[in-house]
Structure formats: structure tokens, C-alpha cells
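I'd like to ask some things about the structure below.
Note that the chains are named A, B and C in the order they appear, and that numbering of residues resets to 1 at the start of each chain.
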């Protein structure tokens, strides 16, 4: 039985955020633990107010925001139209753990107080490798 | 011995499609099973006629199509110049299984009849997590 | 205990190169072996002089180079400001192994002598699948 997964989120695009979030919702319902490590651009998603502003990647400029808006509208029926609320719910249930990459924080000048309170810990790569050790599968969304 | 892999394809770019397809060809020859789950933009590749029109990512507009065309020409000697034929062959051999994400189909208004007949099943995230459970490795191409 | 990981690098962007390199530095320090397979655009990073010129992805043109330069400046304190030196050091320590994809070399007209001497071997997908077999986790940066 699947017990534990780990995800790396390394992009700030709407789709690279929603894929792991939606898988996490399902994992949570199946009582599978998920450790999500936000690094590089992915860290931006953990800043206050950022997740709901994420834009779709690989589209011409005016489309990026519109496509994200359209997706969010359609996601409503799955109970996931507001990424920040999904994050809040997942973090409060106990199975899903959000981690911020400490090196990226330094690189990008992001402080602990800039991050949403759902971030459980600020971690380095060594700690993340220990997480990988325990995980049945590690997926990268970068 | 490697028995089973699972891939997530979450992008519709030529390279994110060809990487898993080429690995699948090799896996098939080594009798390794591969479950490929097409989600988000990746689902677009399963629409009739779409795989052969996939464009290379991260290049200025006129280059995208040209680069894909050039790659396909060179891929001919590997027997993979036509992605749709690769998909057809892989699906018919019995080791490689193509799945479409049901949530994405709803989000993007894609119907079962829009998809190529090689799609074995339409699945949700819960079913995909069960697939991950059995897989020796899960790779994300997103 | 984590013994062996395998990475696929399929993009030539600065961040898709730095994520696996930084994880590899940590893995190396923890005595974890890492096999890194460079394929498609990722192969470009193994060409002489290329790693230090890698640009940040998903930004408007003039920003791409600037952002990479800024990151490298900040990475200095982590001892990683020069990607080519990181690669050199990792390859010489014995735990981290760099492989070039032979099919990509043919597709892109890249010759063995175009590659940096740190490349340990030129491999095909079949050999890479054998590597996946032994790896505790396989991560894709594409």
C-alpha cells in the first residue's frame, strides 16, 4: 500500500501547482502522506497571496491570466477553485506537509514572515533527501 | 528487475511527449510495463490528430514548428518519426497503457470521442495513485 | 538508507540544471550515488562552455541572462556560483556520474569531442532503464 509520497514543486505556474495539489487532495482522502518541497520558482507560490495569482505557463501574455481564471472557474465543482484554500485545507488535515527551501529563500530574499502560515518548516536539501528516503515515490513538478 | 513504470505527461510540447514515448519503446522491448497518464496540457496529445502536430517548447514562434519537423525527420532512422504511429504501435503491443485524466477532460471540454482509440481508459487521480503504488518508478514529464 | 538516485535532465534552463546539481552536491556529501542522464535539450548543458551560459526559463528575453547572472552571484556563498566547476567537482568525487544520451547526440549532431570531459559515458535508453532499476528514486527535471 502507498504510504508516503514526496513532491518537488520548482515552478510557479498554475498547472505545476495544481497537479501536485490535486494529487495531494486525493492522497489525503486515501490517507497517503505527502511531503511537498517548494524550491526555486516554486517557493514563490508559498508567499502570502501568491497561489491565487499563479498564471498558466507557455501561453502568450494576455492569455496566461485568463486561462488560469477559466480553470479556476471550472475547478469550482471539484472544490478546488481557490488554490490558497486548497492549501489551507490540505495543511490542516495532517497528511500533507508543506516545506520551503531555505537556500531559495536566501537566493530570492524571501523571509519566513513573507510565507503563508501553512508552511510547516523551512528545510535544506539534506533534509529533503531524508524525506525522499522514506517516500514510496518522489515526483518533480518543475 | 524493473517490472512496471508509470509516467505522468502534463505538457503538450513535442519533447515532453517524445521523452516518455522513446523510453516506453525501450521499456516495451525489455518487457517492462508502462502506464502513461495524460493530464492537464498533456491530455491534448491524446486528441485525434494532435500528437503529430506537437510543437517544440521554449523557442520563438516560427522555430517551434520547424524544430519539431526537423526532429521528426532525424527520428526516422530510429523508427519514430511519426508520434501517432509510435503511440499506435506501443498501445497494440500490450505493455504500454495510455490513460486520459477524467478531470482534465471535464475542465477542457474534451469528450471520449475526441480521443484516439489507443486510449485504454479514462481515469481519475485516485486510480492513478493505485497505479503509482505498483510502479517501481514514477516519472513526471510536465 | 538512500543509496542511489537517478536524474533525467531534459531542459537546458539554468534552474533545471541547478536543481539536480544542488541536490547532487548534498547527495554526494551524504555518500548517496547519483546517475544523471542528460537528454534532449539537457544534452546542450554538457557541451564545452555551455553550463555557465545557461539562462533562466520563462522570463522575457533580456531578463533571462540577468536572472541567471544574479542567481550565480548569490549562489557564490554556497560554493556553487560557477556551474561548470560544480560539475567538475561532482564528477571527480566518485559518487556523481554524468551520462549523455546517444540518441540526442545523433539528433542534434553533437559529437563526443564537443562534450566536457566530465561526461562518463554516452548511453542509450536501455542502459538508462537499467540504471532506473537500481535507483531508489528517479527524478525528472525536464
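What to note about this one:
In this section, a contact is a pair of C-beta atoms (placed from the backbone, for glycine too) under 8 Å apart; a residue touches a chain by one contact, two chains touch by 3 or more.
Computed from a predicted structure; not experimentally measured.
At the interface between subunit B and subunit C, two copies of one sequence, fewer than half of the residue numbers in use are shared by both copies. Overlaying subunit A on subunit B by C-alpha atoms takes a rotation of 120 degrees, rounded in steps of 5. Between the CA-based centres of subunit B and subunit C the separation comes to 24 Å, rounded to the whole angstrom. Annotation for subunit B: residues touching 2 or more other chains are 137, 140, 142.
Those residues of subunit B lying in contact with subunit A across their complex are 8, 10-11, 13, 39-41, 57, 103, 106-107, 124-126, 128-130, 132-133, 135, 137-138, 140, 142. Only residues 1-2, 5, 15-16, 18-19, 22-23, 25-27, 29-30, 32, 58, 71, 74-75, 78, 136-137, 139-142 of subunit A touch subunit B when the two sit together in their complex.
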